[in-house]
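In what follows, subunit A forms one complex with subunit B and a second complex with subunit C.
== the complex of A and B ==
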């Protein structure tokens, strides 16, 4: 099981998870863990068991703000933040992303970069808002004017 | 020395006719009797009867060296030794040759081959016996005093056990009083006693003894010489109070105007509330500039910390009724001689301000576990208290190791705190609770208390809360629930690290330290021996340990130091001797000696400090000019043994292996392989060496040049060598060796280095078998005649 995990990814970050001692320092310092039923510690624990699929399906992955608070505090030196990024990529490649996750923002962002080499905030905002079905794009309209007024949309 | 003709008596001891069953003893005797200078050669079946005649022959000077073949019990060996030494035979003038351990008598091997092998084995030992010389142990003059550096709990216990044995002790301490870290603790578990009580008990013994000199406020300035004769210089800082006159009446302290300010810690006033003010107050000390010795009041003389004195203040001088205050005192130096040194420099707490996420030094109510000991004497009213374990321990960024005592310490503190404040709510944040041995009882006791909550999970940060409280957010990893707490006091269980004194001493004495700065020693076999002979290490400067372990360790150090504390030091004649006519001052022996035993003499040649040498022979192994020989195991003797092997005794195609086995483990593996009746091939001869590192490349090249097909060098596993690095040295030399062999047109694959543990007898047999196969494939040695 573990070997297949290592084979699947080409980064060296995920095998690193085996040195984790589950002290919970990452979860207690995480600014977004309260939003998710999984904490970074649990995601790492899944990896220790070799459950790559379960780890990749964790909703926490898409909440992670990459603030690195966990990586900085980890007493074992596990690079948790980059493990989360690797897992996002694996989830995409393997098609393990749960249907309730809305990845339209990420997709639009990447597509834009691929197409033009840079992003236009206006287009990105519009595209994301339109993809946010069934939410209402109207909600963001107020925000749109505010941003425009301050010259934040270019 | 006068050259005598070597006349040898060979006695084959065949108890129960075991040898006669597997080899043709008559043929062996006939072959041996033809050798020149073999005076007497017989087979004995019993020891008691022929021993007097052997003794008589020896006294009438028929032969001057004796050589015993066969298997002897330890009792029989002792009987023979004592009988013959009473007749005047030097104990280094006889040899033992155990045919059975070399594989004679193994089932399934042709008797003819076995007889041939037995003859070769006896000839090997005979060649060696011819070169034996009578040796006497050396006696060097020595001093029977010892120096103990550090007067903490370990130093005091070492000192008292040595003065109990009537050995002179110099105890050096850098603080103004003895006692060390232990004196600052509140109570000890399990007897709930004050640690000062136990220390006072030892100090009382020191007070009464005239075998000890205690030097406080002192540091070792230099230490030269060798075990048995160390020259020590210590620097004694001025105390400003005369030790002879002061009777500790305390009049001076009443008039002293200077209070020593509290240790500088950035306490931001924004975080101070009522509780934290109380905490700060109870941690505050109102020590004056003149005060009794700290941590314990021994010596009873007061001490002045001059840097805190107001300028031109002479209040204490005026007040002292005994005229003991001497403000003009200067520091002095002191020199004496000691036979051995024991280092008990102990530990320092890890600097918790480095663990910045917990805010030690910023929030006044975040304290260390040592401060908690002080607070426990009179704790302020506290409602919610948190304990964070492993604060800085077991952490890649701080201390990599477990400090082994902090869990028990925190549990003890909770126990006492709950005794004084039964309503307090205690939270213990832990990664793993480590309570080895009987400390488990303490854990269970604390677990059964009300309002003590164990949370498996460490908080990430500490933030200021309302009212000067501390806000903590943690995940209880067992339930997966997140916890928000607001605490009055947070105790950080900081770890132990080597003391500043340890680093100073290590630099001064060139002592090896491990990655963490603790003194390096052979942890399993000689935990108290540093890698410098005559210098021992005891207590927590060797690694994190609790008080009882430190005391055990210090008593052990006191026992191990005894061989050096005599009027003379006896040195077995197994030490290496350097032939100066051959030496070209390449200094490789000096570099490779694991114990730094070599020093330069006045002509720039290496000269051996006999008392430092541990007789491992690594210098003999490295010397490129074969100028170094162990006295009882000279390189000539080994070379003679190698030359006596006839490599084609089985047949020309059959490979013959010579094995050099380390006598600490590989030799025992080979020996027990025979004892267990494993099928050891007859192709292998082995020679026992003190350490794998003592095998010189010249010997290996010799063996191959004489037609031996393969050479096996077997030593300990890495990190297990009794002589620190002998096995690794062999491997580093292998590069030189393969160059040499290639020049001789010999395949370097014919030499193998292996690690064998003492119980690896099966591995040994398999190793030999696979090696034989490999050599068969390689073909016979081109030098084979």
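== the complex of A and C ==
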């Protein structure tokens, strides 16, 4: 493992994964685990094995809604949500993000904060729709006009 | 009760009705607020996913600002609240961090439900109700970040919080027990994993519909967007009519406090609250 990567791991909550007993409580209550071949338990297991790259490339990472259910329920007190966020950052820093992941939303969001200090939901929504066609485009166009009429887009 | 009010991006955009109804209700309840003018985005979940440094510097500037004002910070958006609270706790616990940003006194960070339930209190609210919402069934929905990872008000249960129910009771309405009240609405995934987000929200609306409430009440702009604005899309996905109005807790309170519905931004709701308003005689 590269030294820079080891440094990364030691500065955050990733070492906490070593105390996980693999009970699976995180995964049974996870609202998005059904969407992925990996559960949060499995991602933690990768870390226990020292497979940082596999953990960072898990499709589960970008599905995590940061709802914190796993974190407050873990009987060992592992901060699972925070580990998922750390892995997202490591994946980007090390260039491990899988090609099928579309991170345009994250990039647009960050650029907007850096440029204007605030988020315009209108611009963010439009920019994201340009990168990825919404699953219900007609409903979204109708909604766009409804929100506009109600003064909710500015 | 004197707070520095941090609105945040949503409250000045799609959740403008939350901002309006809060400001209208605050003065009736004796909550004094000074609205922050030069605020920055809190970074939501995105900054934490991309750049750890940025996810700390964004809330820091707000905290420093509040320190100058010598007031507690009040946030309505639970995402802003969690991000600011996290950094404020770090400043309190970590001496190097405290000194690095030359804090004297780290301001307290509070969320709306906490202020309503514990600083004002359901009893006080009850005394000020002019138009009790008798016979109205209200379904409380907390979502994630109002109750996790920090206990609401430092004491509520993660799995079965009850403060919203107490506030609903204070308005004279009847709270409905909703077993899915702390489940995730998927809002944070809406722009990155849309299909997953819609599935999560659909399951909540479907279960809510089974309890046939008169309205759903929320305290989060993202939950509101998912349940209210996206309701039509979800009806399409479920091939089922939902037709449930979704109000902010401040809008429900405002109606019971006798405030005009236009001042509460109720005309801005996407899913029509017409039947609900008729039932309460507005």
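Rule of thumb we're sticking to: the second predicted complex is superposed on the first by the 132 of 154 C-alpha atoms of A that agree within 3 Å, B and C clash if a C-alpha of one lies under 4 Å from a C-alpha of the other, contacts with A are read in each partner's own complex, and residues count from 1 in each chain.
Just so it is clear, contacts are C-beta pairs under 8 Å (C-beta built on N, C-alpha and C of every residue); 3 or more make two chains touch, one makes a residue touch a chain.
Every value quoted in this text rests on a predicted model; they were computed, and no experiment measured them.
Q: Overlaying on subunit A: subunit B and subunit C, fit or clash?
A: Subunit B/subunit C on subunit A - fit side by side.
Q: A:94 contacts which: subunit B (first), subunit C (second), both, neither?
A: Neither partner.
Q: A:39 contacts which: subunit B (first), subunit C (second), both, neither?
A: first
Q: Which partner does A:24 contact after superposing on A: first (subunit B), second (subunit C), both, neither?
A: first
Q: When the two structures are laid over each other on chain A, which of subunit B and subunit C touches more residues of subunit A?
A: Greater contact footprint in residues on subunit A: C.
Q: Of the two partner chains, subunit B (first) and subunit C (second), which one does A:69 touch, if any: first, second, both, or neither?
A: After superposition on chain A, A:69 lies in contact with both partners, subunit B and subunit C.
Q: By the touch definition at the top of the document, which applies to A:119: first (subunit B), second (subunit C), both, or neither?
A: The answer is second: A:119 touches subunit C but not subunit B.
Q: In the overlaid three-chain picture, which partner chain does A:153 touch, first (subunit B) or second (subunit C), both, or neither?
A: Touch partner of A:153: subunit C, not subunit B.
Q: With the two structures placed on a shared chain A, what shortest C-alpha distance in Å links subunit B and subunit C?
A: 6
Q: Report, in rising order, the residues of subunit A that make contact with subunit B in one complex and with subunit C in the other.
A: Comparing the two interfaces on subunit A, one with subunit B and one with subunit C, the shared residues are 69, 73.
Q: With touch defined as at the start, can you tell me which subunit A residues reach subunit C in the complex?
A: Counting only subunit A, the residues touching subunit C are 12, 31-32, 35, 62-63, 65-69, 71-73, 81, 85, 88-89, 92, 102-103, 105-106, 109-110, 113, 117-122, 124-125, 128, 132, 134-136, 139-140, 142-143, 146-147, 150-154.
Q: Taking the complex as given, what residues does subunit B use to touch subunit A?
A: 357, 390, 394-398, 431-432, 456-461, 473-477, 480, 482
Q: Could you list, by residue number, the parts of subunit A that touch subunit B in their complex?
A: Residue list for subunit A touching subunit B: 21-30, 33-34, 39, 41-42, 69, 73-77.
Q: Any idea which subunit C residues touch subunit A in the complex?
A: 9-10, 12-17, 39-41, 43-52, 54, 58, 144-145, 148-149, 158, 182-184, 186, 188-189, 191-200, 229-230, 232-233, 236, 267-270
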